[in-house]
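Each of the next two complexes has chain A plus one other chain: chain B in the first, chain C in the second.
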Partner chain A sequence: MTTTAPALRPRRRGGIHRGEAASGWLFTAPMLVLLGLFLVVPVLMALWVSVSDWNGNGSPFASGVSFVGTDNYRAILAGGGLAEQDFGTALRNNAWYVVLVVPLQTALSLYLAVLVNRRMLRGRGFFRTAFYFPSVTSSVAITVLWLFLFSASGAVNQVLSWFGVHGPNWFSDPSGIIHDALEPLGVEQGPAALTQHGFLGVSWWDWVGGPSVAMTAFILMAIFTTSGTFMLVFLAALQNLSSEVTEAAMVDGANGWQRFWRITLPQLRPTLFTVLTLGLIGGWQIFDQIYTGTQGGPAKTTLSPAYLSYQTAFTNQQWGQGAAIAFVLFVIIVAFTLLQRWVLRERGVPRRKRFGPVAPGPATPGATPVTPATAPEVTR
Partner chain B sequence: MTTATEPTPTLATSSGGGGRTTRAVRLRARRPSPGRVAGRSLLYAVLVVTAVVYIFPFLVQVATSFKTNADATAHPLSLVPTTWTTAAYHDLFQSSDFPTWFKNSVIVTLFVTAGRVFFDSLAGYALARLPFKGRSVVFAGLLAVMSVPAVVLLIPKFLVLNQLALYDSYAGMILPLLVDAAGVVIMKGFFESIPASVEEQARIDGAGTFRVFWSVVLPMARPALVTIIILSFQGSWNELSHFIVSAQDPALTTLTKGVASLTAGQLGQGNQYPLKLAAALVMTIPVAAVFFVFQRRIMNTSEGAVKE
Partner chain C sequence: MQRSTSRWLGGCAIAATAALALSACGSGSGFSSGDDTTGGSTGGATSTANLTSSDSPLTVMIGSSGDAETTAVKKAVADWSASSGTKASVVAATDLNQQLAQGFAAKKPADVFYLSTDALAGYASNGSLLPYGDLLQNKADFYPSLVSSFTYQGQLYCAPKDFSTLQLVIRDDDWKAAGLTDADYPKTWDDLESVAKKLTTGKTVGLSTNGEYARIGSFMVQAGGNLMNDDSTQATADSDANVQALTFVKKLLDEGVYKYAKEGLGEGDGGQALGSGKAAMTIEGNWVTGELKNDFPDVKYTVVPLPSGPAGQGTLQFSNCWGIAKDSPNQAAALKLVEQLTSTDDQLAFSKAFGVMPSIQSAADAWKQDNPALVPFLDAAAYAKGVPTAKGAADVVADFNSQLTNLAKSDPKTILDSVQKNLEALGQ
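The block that comes next holds the complex of A and B.
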C-alpha cells in the first residue's frame, strides 16, 4: 500500500509539517483496522464460505471443510430444486418492489419538494417536518405500525369501506395484484406459453403476476418512509437553482407547468439520477421490514434475496448457499449502480451543454460528486 | 453551509399564476386575482390532506397504545380510546424485557456515537490535511468500502465475529459500528472547506499534530460534528440487522430486535396491538427528540451536504 501509492506532492519533511506523515497513518489507523477487520476481512471470509461446504460448526477454516467450487452458486441459479425456486421467487418479489417503489417515491418526493419550496407558503416548516418525520423512525417501529394499520379489520380497510371498497387481508394475501386485476376479466389461468416455461424455477406467468397484496403494503410503506428523505434532497437542489432562468422564462410567458417541465426538471437531472440510484440500491436491500413483519410469508411472496440469504444461512444452516445469495445480490446492486453511472455519462453531457450558457452555476455539476457521501445515510 | 436564502420579493409575488408577466402585470398582481386565490386554496388543500396522511398514522399509534385490546381491534381509526388504560405501558415495563432492550440500545448508541465522532473526525482530518504516502489509496479504498451494501454483510459479519470470539458480547455489537465510511467522508469534506491558516499558526507555536487537531481543529468543526452525532445516533438506534447477527443472548437484545420479536407474538395471547404500538412508540421517542432538537440543522445539513 505504502510503496505503490503515487507521491502526492513533494513536501518538505521538516518545518511545521514535521511528523505529519506518521500522524497521518496514526490518525487513520483506527479506521483502517475497524473497516479492515469488519468489512474487508468478512467479505473475503464469506467469499470462501460461498465456495465451501461449511455447515456452521466450528471454524470455516477447519480441516473438515472442503472446497466445493461453484456448487452453491449453481444450486441457487440452476439447481432446478427448491433453492433455485426460492431464489427466483425472492428476485421476482424484490424486482416488483423496486419497479414500483423507485419511480413512485421519486415522483412523490419531487412533488412534495416542489410544493414546500414555494417562498410564500405559510406553515412551510410544519409541512416539511410532517413529510420528513416518517424518515427518522426505525423500520422496525414503522413496520409494527403498518401491521396494525393494514390488518384485516384495520384502519386502512375501514377507510376503504367508506368508499364501498372491501379491503383485502393485506399481510395474509399472497395473490399477485396483476393476477387479481385480470381475474374480473375472466383470466384465471395464464396461457400455456407462460405457465409452462419459466426462469429460475418460477413460471413466466408468476413473474408477471405483480407483487402480492402483502408486498404491496410494504411498497406503500417504503414510499411513505423514504419520500421525506428524498424530498430534502430535491429541496436542497431546488434552492441551488438560479432564479434567473426561471425569471427569464416567466418574462417569455411560460406558465408554471411549462416552467417545471422545461426549466426546473432538466436542471434537476443530476439530483434526479442521484435519487433514482439511491432508491435502486436501497430497494434491493429490503430486510428489516421482512424480518419484523412477515418473515417472507404469505406463500413466500414477501421473501427478498437479503432475507433469503439470512434465512438460508442462519435458520437452515446452509452457509455456503446463503453467502452465495448475498454475493449474487451484491453483483445485482453493483450492476445497477454502474448502469446508472453509464446512463448519466451518456446523456448528462449533451444536456448540460445545452443548458451550459444559461446555467453555468455550481448547482448542476456540484450536486453529483457527493453522491457516495450521502448514499448510506439516505438509504439507511 | 448556507441557510435558505430568501428570494427577491418581485419574484415571489408572481410565482403562483400563469400568463404573461411583464413588469406592468407584475405590479398589478399585488391584488390577487380570483384564479390565483383558487389556485392558492387548492395548493393548501393538497398540502393539508397530504400532511394528514403523513401524520395520522402516528396519531393513531399514540391513541391505540392507550386502548384496550378489544377497543384497538374494534375502533382502529378512532383517536380517542373508549376506555383509557395504561395497561400496555404497564405490561411493557413490568412484565417484559423491554427495560433491558432499552438499556442495551442506550449503551450501544452512546458508544457508537462517541466512537464515530472521534474516529471519523480523526480519519477525516488526516485525509484532508495530513500529507502522507498512500493517502489517495486509503481514500479510494474508503469509497470502495462505502459501496458495499449493508445487507450483503450479514453473513460475513457473523463469520468474523464468531472467529474473533466476539459473538454475543457488547464488543461484537459495538466495534463493527464504531467507524462509518460515510462519516469519514463528510468530515474530510468539512475540514477541506475551512482555511488552514489557524492550524498553521498553532503549529508554528509548537503544538503537535494531535494537539492541533484536538484543541484547534475539532472545536471549529462543531457543525460537522453535530451532523455526525445525528447520523450516528439515528443509525445505531435504528440498527437491526447487525444486532441480529452479532448476538443471540436475550440479555443483549436491543430495542429493534426486541420489538421485532414482539410481532412474532411472544407475549401472551391475541394480537396485542396496544402493547406492540406502545413499544414502537417508546422506541421512537429518542430519535424523534433528537430530530426535533436538531430540526433546523437536519434540514440545513442536507443542503450543505449536497452543495459541497
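The block that comes next holds the complex of A and C.
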C-alpha cells in the first residue's frame, strides 16, 4: 500500500518520486481523520472520564468535573468494597471463559477446517456452509435459542435424560463446575488456606471453582458460534499451502498424523496467531450474551468485566469506575496478546542455519524449514 | 518490521494530536453550556415562576412493560396535548437507563420520564432532576410511604407514578385438595409453615418465590427490620429482626416446603411456578394477575395478606415516579402534564390497562370497587416499606440477592453482616 512509499524515500530522493510522501499522507488523511474522530477521541475522552469525577450530567469537560487521580482505579483494584469484589468476580468469570473457550474453539475450528479441506469429501460446500452458519446468525438470536435449549425442561436436558442423566438447571445454577466435581469426593468447603485469603475481594477457593454451570452454557455457545468463523480463516490458510511440502513428506514416509503436526501445523503458525488473538480479544469482551441472556446472574457468575463496566456506568451512575474497568480490561487484553506473540514468535532462523549444511539425509521431516507463507495473514 | 512500527506510531501520534485539538474545540462548547445551566438554577424549583417555559414540544420517555402500557400512556399524553395545546410525544425506551443517561450527558434529555427508586439518588445527586415535588397541587394526596421513597435529602423530587405491593397468592385447587378452608389462611409465620407443609406433595411445593430481596425482604419487614431505615439514610441490615427473618426462611428451605422458583423449580418466577402447578403458594405483587391471566387463564387463585411476623404485618412496595429533567426547556408544561398523569382519572385508566395501583389515596375506593379480589394489595399501603434508595444501594441489593441464592447453605448472620458493611460503605 502507500506505506511502501516512505520506505523507498532514502534511496531515491527527488525525481519522479518527489512529493510521494505528501500524497501518501493525503491519501491516508480521510482514514486518519475518521479513526481519530471515532476511535482516538472517544478513547481519550474515556481515559479522562476514568480519572475524573464526572457524574453523567453534561459534558465530561464541563467546569464542575475535576481530576481525581487514580481514585476510580483504586476503588476497583484495592478498594476493599463491593466495587472491588464485583470486579474480581467478573475477572474470575471471564478468565475461566477465556481459558476454556480459546483453546477449544481454536482446536475445533482447525479440526473442522482440515475436515472440509479434504478433496475426497463429498458435499464439501454443504458442510462448509453448515459449519459457518452459526457465525452469521446474530448473537442475540443465538442467545435466545440457547436460553430455550438449556432451560430446565429444555431440549438439552431432555436428551440428557435419555441417558439417565438429570441435567442441571443450566442458567440458574451458580455453582462452579470444579466445586461440583469435588463435592462427590466429600470436599464441600475449601481448605482454610484458600478460603481465608483471596485476590480482588474473591477468595482463592472461589477463583479455582471453575466457571458456573450457567457460564458453561455460554462457553458452549461461544465455541458453537465462533468455530465457524475461525474454520474459514484456517481453511483459507490451508488452501494457500503448497502441496509439494506435504508430498515431500509423504515420499519421506510420514503418516497422516505426522504430516498434520509436523508439516501443516507449523506452516499455519501465523494463522494460528491470528485466530488465538481474535479469540482472546473476543473472549475478554463478552457482552451481548450477558446483556440479553442473564444480566450477570445467577449469583453474579456470568458477570463479565465488559458488562460490569456498562452496568457501573449506565445503571449505577459511576461513570469513572465504569471507564476504569474498561481500561483495566484493555491492559489485560494487550498483555495477553503480547504474551501470546512472544510464545508464538518465529524461531526459524537459527534452525535453518543448522539445517542448510547438514541437510542431505531423508531423516527428520520435523526439521523442515517451514517459514513460507508468513507475512500476508499476519500483517493484514 | 521495526521501522514500520515506529512510523505507524508516529502517524498515530499525529492523529492523536489532531484529535486532541478537535476534542478541545468540542469541550469548549460543552463547557459554556454546562456553565449556563448550573449557574441558572442551583437551589431547585421553589415556585412555579422559576420554571422554564417555552413552546418546545415535550418528550415523554417510558420503560414500558408491553403494548398495553405504551398505548395507555400514549393515549393519556395525547389527550393532555389536545387540551393544553402543547405538543407531546411518547418514546417507549428499549433500555431506559441507557437512553436516559445518554440524554443527560448530551444535555438534551427527555422532558418527562419514568424513574425508578434505584436511579433516583444518582440522578438527583448529579443535578439531572428538577425537584418539583413541592409544586405539585396534588402532593398531599400521595401515599406518605411513596413520598418518602422519592425524597432525597429532604426534597420530594418527583411524583409517584403508581405502586405495587407483595401479598400471598394461593392456588385454590391445591388449597382445597389439602383439605384447607378460608379459615386456614395463614395469620402468623407458624400458620404459614404448617400450611406450606400440608400443601407440599410429591410434585408440588408449598411455597415458591424468586430467591431475592424483592420477595424475601417481606419477611424482614414482618420481623420489624429492613435493609435500611425508611429514609434510606442508615443501614439496618444486620439487625436481629433481619436475622430472625432469614433464619425462618432458611428453615422453610431446609424443610423442603419452600423452594426458589428459578433454582428449585426451573420456572421464571413465583407466578409461573404457581400457574404451572409446581407451587401452591407464592409471594408476588399485583402484576401477577396479568401474568396469570395471559399464561394460565384457567388457574383459580386467591390473594390474601401475608402473615404477620413478630412485629406484625409487613410487606415491600415498589414504585416508579415521573421524573422531570432540569435541562428541559419547558418545565412548566411538563409539571402540568405530570399533574394530569397522576390524576385520579388517568391513574384508574392506567390501572385498567396494565394492572398497577394508583399512587393517590383519593383513587383508592374506586380502585377497590373495580378490583375486589385484589384489595389486599392496596390495603398493604398502610404497612408496606420501600426498598433502599440510597445511591449505590441497588448494587448492594444485587449482591445480597446473589448471596440469598445460597441461603440454604449459608449463615444468615454472615450474609447480613456483609450487606451491612456494603451499605455502610455507601455513605462515605
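By definition in this document, the second predicted complex is superposed on the first by the 310 of 380 C-alpha atoms of A that agree within 3 Å, B and C clash if a C-alpha of one lies under 4 Å from a C-alpha of the other, contacts with A are read in each partner's own complex, and residues count from 1 in each chain.
Going forward, a residue touches a chain if its C-beta (ideal position, glycine included) is under 8 Å from a C-beta of that chain, and two chains touch if they have at least 3 such contacts.
If you're wondering where the values come from, they're calculated on a predicted model, not measured in any experiment.
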With both complexes superposed on chain A, which partner does A:256 reach: first (chain B), second (chain C), both or neither?
first
According to the stated criteria, A:59 is in contact with first (chain B), second (chain C), both, or neither; which is it?
both
Pick one for A:153: touches chain B only (first), chain C only (second), both, or neither.
both
First, second, both or neither for A:316, with chain B first and chain C second
second
Where does A:37 make contact in the superposed view: on chain B (first), on chain C (second), on both, or on neither?
both
Answer with first, second, both or neither: which of chain B and chain C does A:335 touch in the superposed model?
neither
Applying the touch criterion given at the start, work out whether A:129 contacts chain B, chain C, both or neither, answering first, second, both or neither.
first
Going by the contact rule stated at the top, is it chain B or chain C that touches a larger number of residues on chain A?
B
Regarding the shared-chain residue A:107, is it in contact with chain B (first), chain C (second), both, or neither?
neither
So, A:181: does it touch chain B (first), chain C (second), both, or neither?
neither
What residues on chain A does chain C touch that chain B touches too?
6-7, 28, 32, 35, 37, 40-41, 45, 59-60, 151, 153, 313-314
In the complex, chain B touches chain A at residues 4-8, 11-12, 14-22, 43-44, 46-47, 50-51, 54-55, 57-58, 60-61, 64, 72-73, 76-77, 119-120, 122-123, 125-127, 130-138, 142-143, 145-160, 162-164, 175-176, 178-182, 184-186, 189, 200, 203-204, 208-210, 213, 231, 234-235, 237-238, 240-241, 244-245, 255-256, 259-260, 262-264, 271, 273, 276-277, 279-281, 283-284, 287-288, 290-291, 295, 298-299, 302-303, 305-308
Along chain A, where are the residues that touch chain C in the complex?
3, 6-7, 28, 32-33, 35-37, 40-41, 44-45, 55-64, 81-82, 85-86, 151-153, 169, 172-174, 296-300, 313-318
Residue numbers of chain C touching chain A in their complex, please.
3-4, 7, 11-12, 14-16, 18-20, 22-23, 26-27, 30-31, 33-35, 37-38, 97-98, 101, 104-105, 107, 118-119, 122-123, 125-128, 262-263, 265-267, 391-392, 394-396, 398-399, 401-403, 405-406, 422, 425
Please name which positions on chain A make contact with chain B in the complex.
1-2, 4-9, 11, 16-17, 19-25, 27-28, 30-32, 34-35, 37-43, 45-46, 49, 59-60, 112, 115-116, 118-122, 126-134, 136-145, 147-149, 151, 153-155, 158-159, 224, 228, 232-233, 235-237, 239-240, 243, 246-247, 250-251, 253, 255-257, 271, 281, 284-285, 287-288, 291-293, 295, 306, 309-310, 313-314, 319, 322-323, 326-327, 329-330, 333-334, 337, 362, 366-367, 370, 372-377, 380
